[in-house]
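Two complexes come next, and they have one chain in common, subunit A, joined by subunit B in the first and subunit C in the second.
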Partner chain A sequence: MFILSFLVRRLLQGALIIFLVTLLIFTLLRVVPGDPVRLMAGGMAPEALIEQIATEMGLRDPILVQFGRYMGGVIQGDLGQSFVRPASGASTGGSGFGDSSRGDRAEVLTLIADTLPMTLQLAALAIFFALVFSFLVGVPGGLAPNRWPDRVAFYISSIFISLPNFWLGIVLALLFSVKLGWLPAIGYKGFAYTILPAIVLAVELAPILIRNLTASLASVMQSPFISVGRVRGLGHRRIVYAHALRNASVPLLNLLGIQISGLLGGVLIVEFIFDYPGLGLLTVNAVLQRDFPLIQGIAIVTSAIFVLINIAVDLIATLIDPRLEY
Partner chain B sequence: MASQPVLSVRDLSVELRSEGRARRIVSDIGFDLQPRQIVGIIGASGSGKTVLSRALVNWIDPPLAISSGSVTYKSQNILDLPPNRLRPLRKEIAYVGANPMGALDPTLPVGSQIVEKIRALVPGIDTTEARRRVVDLLGAVRIPSPGARFHEYPSQFSGGMMQRALIVDALATNPAFLVADNVTQPLDVTVAAQVMRLMRELTERFDTAVVFVSSSLPTVSEAADQVLVLAEGRIVERQTPRKLVERPEHPYTVQLISEIPQIWTDSAPVVESPARTGRPLIRIEDATRTYRVRKRGTFASFSDVRAVRNVTFDVYPGENFGIVGESGCGKSTLMRLLSRLESPDTGRVVCDGEDIARLSGKALLKFRRDFQLVLQDPFNSLPPRTAIGAIIEGPLKVHGMRGADKRRERVLAVMSEVGLSAALYEELPLGLSAGQRQRVNVARAMVLEPKVLIMDETLSALDQTEQFKLLKLFSDLQARHGLTYIFISHDMAMVRRVCNRVAVMYLGEVVEIAENGKLFFDPGHPYTKALLSAIPTLEERRYRPEECLLEGEPPSPIDLPPGCSFASRCPKAFDRCRVESPSLSVDGKAGMAACFLLEGGPASIAA
Partner chain C sequence: MNDATRRGFLKRAAALGAGAGLFTINPEFFLSPAAAQEGKTLVFLSAENITGNWDPSAHTTLSQKNIEGFIMGFLTRTPMRVEKPDEVVYELATSLTLLDPTKLEIKLRQGVKFHDGKEFKAEDVKATFEYGSRPDRPAQWYPGPTETLTITTPDDYTVIVDTSKGGYPAHLFMFLAAYLPMMSATDIAAGPQGPLSQRLNGTGPFKFVEQRGNDTVLAANPDYFLGAPKIPAISFNFVGDSTTRMLSLMNGQASIVERLEPEQVATLQGNDKVAISSVVSVENKYLWFRCSKPPFDNPLVRKAACHAIDREQILAVLGEAGHKSANYVSPVKFGYIDLPNYPAYDPEKCQALLAEAGFPGGEGLPPLEYITSVGFYPKTKEYGEVITAMLQEQGFPVTLSVLEIAAWNERLYDRPGGGPGHMVDCGWSTGSPEPDLVLRTHFHSSSKRITGIVDAEIDASLDKERSAPSLEERKAILQSETMPLLADKVPALSLFTSVMIHAMDKSLSGLFIYPDGSMDASKGAFA
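So, the complex of A and B:
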């Protein structure tokens, strides 16, 4: 019953958030300079033709009218069609203007559906790497504040946070792929292609997780119930794994919720470097091509994902610590 | 006694080691604990009680260290045992501390944590068996519906309930002895009295010897077979409780006994009321405050927490007005209404003829200047990184006093008035004792020359000696500045000493308002009698706990049942009480109480 009411409440809130995000993105995209029709039709197209296409596509209507039309589609699961990409495959963006009929343009939903699973796979692997590594480094650090494991955790996170991801990506690709030949790096032909980009993302995520885990574990270890637990006769291992980590995991979870949202920035760069066919690469291209419907689609889908992730995080946190009420 | 002692302590010393220096906290302690005996240890705060009680269960962490001595249980010194051999012994050595709320993991149900302990210490017991034992014990310590409580979380337990759960936790493995460190200290008097009674019963039933450590001599002397008096880490006297009280030998014991507040004796203070004439300074009229909280697990339904209900009273200039009641009775909400941190939902608070809810701008600032608050917690109410002078100066800046020199002069004047040396002006509050911190708090309030000081449990965190000194200070300040005090407290003995008139609150209502003498010698309300019966004191009690003491705890202020709110715990409740709610009615010349058992009509004059 609690979970049900929680979900209903949070999903309604989430829908509102997604709506506002969409409105914001939609408006911003239309006030920034750069006419997408010019890009579609090509630099040489006559002005009159551009006006004609634009009017046909409804791009000269007031923004609110355009937005209403768009949202009407979104509710029915239609995110519109790409301005630029043909349904058949590779896109270049209008060099020639052999005005291909609109039916040939790719559905935004399909484009996203093709690339999203790739990015989810990458993100999941990155989070897995980051968590495993953070626990290996952060738990000993949190159990020994101000002693060497704590310092090691501190130095590792300081180094990791100072590594720029674009540089690390290139270096890792050079080392493991070119020199050693252990892992493939560019493109995607199988699961192994996910590993290197995931490591780069994990290095970006880990330092904050490590710092948070060491700090919150160290402070939980100071709580009275830990030392009382010892006097009550609980073993050290039980105290650490069943009680201390359980309590320390709540702030970590909240942080993870935010971190995952921040992962998008990393995904853009990393996918671009490794030419990894995910949502990040799609976004970069959509922006370069001023592919409005695609950018909007991606924005809606990613904001929906963030909302869902944060709902999941809060739900798990409430299940761990029943005092929390979101 | 000829039998082998359960525990024998010899030459035990504990020191605090820091920066190469060592300071003795506890020195040369030696005593024996016989089977089924209760040994009481009494001492003021800072006498090393807690360190000693932790040393008895080998729970000494750096910077503390045991420097010498032995604690022998079953012919082995438990201080020398390595952790892996000590841990199985925890089954037989139990400890209950003064901080019940922090003692269990807040994220797991209480019951399963006790089961976890049993399973960790008693090999071979299965979960169902352990669970059954815990539910049985929870019932034995009179936790209502133990089966359901088993699955609840520590945050859902009240302090008294939690302390009982921890006693269950300690007794669940049938320990040979139990160290109880100040177990009743954080509890309300009526609950503390229940817990004490329970401990005595249980030690009989489970054959457990107890070391009972407390700062309250009355509490110890009621429970213990033998009392050790601890002063500055040494045992200065050991006696049976009766002898200790009648013929104390050591001057420290004599002093301790002299500081126990007198309630009903001839030497008890007589508090005269000033004439209540003219316009009341504060008039609270039928004030009600209800909080809405969302019901957990529902979509949009709320519960009403009725924190303050229909409270009416007047406070006249120069009075010491007391508001007493147990935790959760609405004292603090009432304080928030009086100080306009919140406004009542219905009713008014009138000060100097004006409804304070309507004040704004300059008039509000003037009101804030006249009505100052002094809060309970001396440690969290001062900013740790601000110098004491700057803390006291703060209100002057807020209220627009110009000139740094003038402000400094005023701050120094107030500091000397409350007994803080001028040398502390630039110091941080870090090194101050609780008493000095409360003086800073008082100075911060006094610096604006208020008319009224509202003391919300201001003295609760201090020991008797400090309380004495501060109360003296309060009366000096009152004589000099004509202050009016409102004391909000759960400490009946303190209220007895200083308040002219006292309002007793229960579940958000004022159930009795009476002059000091009337309230303590001839209370009108059964709840007041229960409070009086539970005061820790060495005196012959006017109200026997057996007749007056309550079972259980106040019902939740959410969704109150109809009728008198006290009916569920009242020993004298009858049918009418469960249907109809009594209002305050005149009870003699000096008081009013809300009880059907009193003669007389409804209150015609406001109190």
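So, the complex of A and C:
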């Protein structure tokens, strides 16, 4: 019963958040400079024709009228068609104002469905790298507070947090792809193409995880049950891995929820640099081309993902620790 | 509820993660080297995306013109080198003969086939010219609408273009012959909704296979009439970031990349696996004045601004990416000369003109906006700042607006009452020696794309050169009347000619790069 009421309440809240995000994005897109019809029609198209196409497409109606029309489609599961991309999915620029292939435009939902798994794969690998590295560095740091392993963990996380992801991406591609030839870097033709961008994202994620793990493990190691464990004759390894680390992982779980939501910012830049065909690259190109339906569709899908992740994290935390209430 | 445990959760999460991983992991990664050579496919990374409509008459997008260069056939080709700008190489045509000033006879090569198997004949040339001249075709390359043309085909391999109804000379089709891809009459008959927009069907060395996401896939045409290409396939990809393109070339994933920044050229020159190709292009970069509104509706103010700008300094900023020129068209275009009256840096003259216009020392001039872009052309922001500083030094109250491409593109063109801002930076590139593709497009009152200029004297001069009965006479009018008149009225200032810089795999040879960036890969080969 609790789960049902929790889910209903949080999903309703989530729907409201998504609605507000959609309205915000919709409004912002229409006030920033850059007329999508000019981009679609190309430089040679006369001004009168631009106005005619814009009127036909409903882009000269009041924003609220346009929004109402759009949401009507969204409720029926129709995110619309891209302004510029053909069904082949190619990233296109505008040109022909009498463009006969308009009927062949890609469905926004299809474009997102094609690219989202790529980004999920990248995000999953990045989180895996970040967790492994965080444990390797954070656990020794947490077990030796104020001693050199702790300081190493601190220095590493300080350095990592100071590295701009666009710089790191280029440097890693230069090193591992150009100089050493170990990994491919640009585009996507197989799983290996995910590794370098995932490392860049992992470097972005790791510092907070390392600091959190170090601090919480150090704190748990001071708990009475750890001392009792020693008295009970448990070995150091068992105390650390079976008891302390498990307890220290709980705050890490909550943190991961937030970190995953924050990954999107990094994904935009990293996917652009590596030409990785995920949701991030799709977003960057959609923004550059003023592809309104695509940007809106991506905003709805990503905000829905954020909302669902947060609901899941809260639900899991509640299940693990029934004292928590959300 | 009590069944949920941390241990259980972690176990299930791990199992889920591993399960998801199994679906995504490509086992080939573990079996093949990471950056393995992918046969002999030529991988081209383009800085610009395509339009998604394959009809060659539906766009003016350079990257798509480059793809057409591999696939489509042209009546002639014009290599357009600075030392020999008028050179013509016959391709699908075997001769172009002016029968009289309004009649052009085109003789065609026999035994050529389109990729779909249809034989190339006079009917295809007629259909291409008539279709492309339709006023609803967005590219608008042709000198007049379809009704001004009479095209006859005395036999399957002869075409007569008669322009007498339009009152313009037939020789205008001679330069356009190198610019207009020949389409199949069968495709054209199906109209703009038909196969024309779905795929490219040409007579060129490579066939269109498919569009796979951002990858345009081409395969060698074994029946190419000049011999089957040695390169079996081309993969033409859009990659927006110039650093990404360069890295891709350096790690061997790409065979050739375009639009290098000058700094990247310096980096790649030290790489023994990379060759650099620099070609003076058909593109000039301009400072366009909004001539339909104050203060640049006054030619004296425009001229004063031109004399305030030291173009040598701009070229110093551009390095390898700029070539000095003093005309409104590139040195590789028909009729180019270094104009003796082209405005040079002269602060004293600038001040005299400002005073004559009623703005001594710039006093009384309204605040002026100079719009430029970042992300496509090299160094626009950098030299934009230099130009702004030079104008400010002479008293022009200029502020520079640096916009990303979409916002800049939206503000680029003239509109009723004058376009946004007062000056705009933009290049203009057309893959033909034809100068009117620049001059008439921008300075005739029937077009006036960016400047918005309406000047009867310029119109008359442009009409006169266009109507000259022969190419020789036309060249004389262009060089002695039209171009000097433009340099005197300065509706825009051409700052320099762009240099098209490509970097490529050193083992790749036999590639010919045209000054518009398109290339002939029919004789290309990897060592």
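Here is the rule we go by: the second predicted complex is superposed on the first by the 292 of 326 C-alpha atoms of A that agree within 3 Å, B and C clash if a C-alpha of one lies under 4 Å from a C-alpha of the other, contacts with A are read in each partner's own complex, and residues count from 1 in each chain.
Everything below uses one rule, namely that a contact is a pair of C-beta atoms (placed from the backbone, for glycine too) under 8 Å apart; a residue touches a chain by one contact, two chains touch by 3 or more.
Not measured: the values here are computed from a predicted model.
In the superposition on chain A, contact is made by A:187 with subunit C only, not with subunit B. Applying the stated contact rule after C-alpha superposition, one finds that A:5 touches subunit B and leaves subunit C untouched. Looking at the shared chain after the overlay, A:246 reaches both subunit B and subunit C. After overlaying the two complexes on the shared chain, residue contacts for A:30 are found with neither subunit B nor subunit C. Of the two partner chains, subunit C is the only one that A:173 touches; subunit B does not reach it.
When both complexes are overlaid on chain A, the residue A:124 reaches subunit C alone and has no touch with subunit B. In the superposition on chain A, A:47 makes contact with subunit C only, not with subunit B. Contact with subunit B, but none with subunit C, is seen for A:223 once the two complexes are overlaid on the shared chain.
Taking subunit A as the reference, the larger set of touched residues comes from C, when subunit B and subunit C are compared.
Common to the subunit B and subunit C contact sets on subunit A are residues 2, 246, 250, 320, 322.
The touching residues of subunit A, when paired with subunit B in their complex, are 1-2, 5, 8-9, 223-225, 227-236, 238, 242-243, 246-247, 250, 320-323, 325. The touching residues of subunit B, when paired with subunit A in their complex, are 57, 59, 61, 83, 87-88, 90-91, 95, 97, 99, 102-108, 116-117, 120-121, 153, 155, 169, 173, 294, 296-299.
By the touch rule above, subunit C contacts subunit A in their complex via residues 1, 4-7, 9-10, 17, 20-21, 24-26, 28-29, 34-35, 48-53, 55, 58-61, 63-64, 136-140, 191-193, 197-198, 210-214, 216, 237-241, 243-244, 247-248, 250-254, 375, 403-407, 409-413, 415-416, 449.
Put simply, subunit A touches subunit C in their complex at residues 2, 32-35, 38-39, 41-45, 47, 84-86, 88-101, 104, 117, 120-121, 124, 128, 170, 173-174, 177-178, 181-187, 190-192, 246, 249-250, 272-275, 277, 284-285, 288-290, 316, 319-320, 322.
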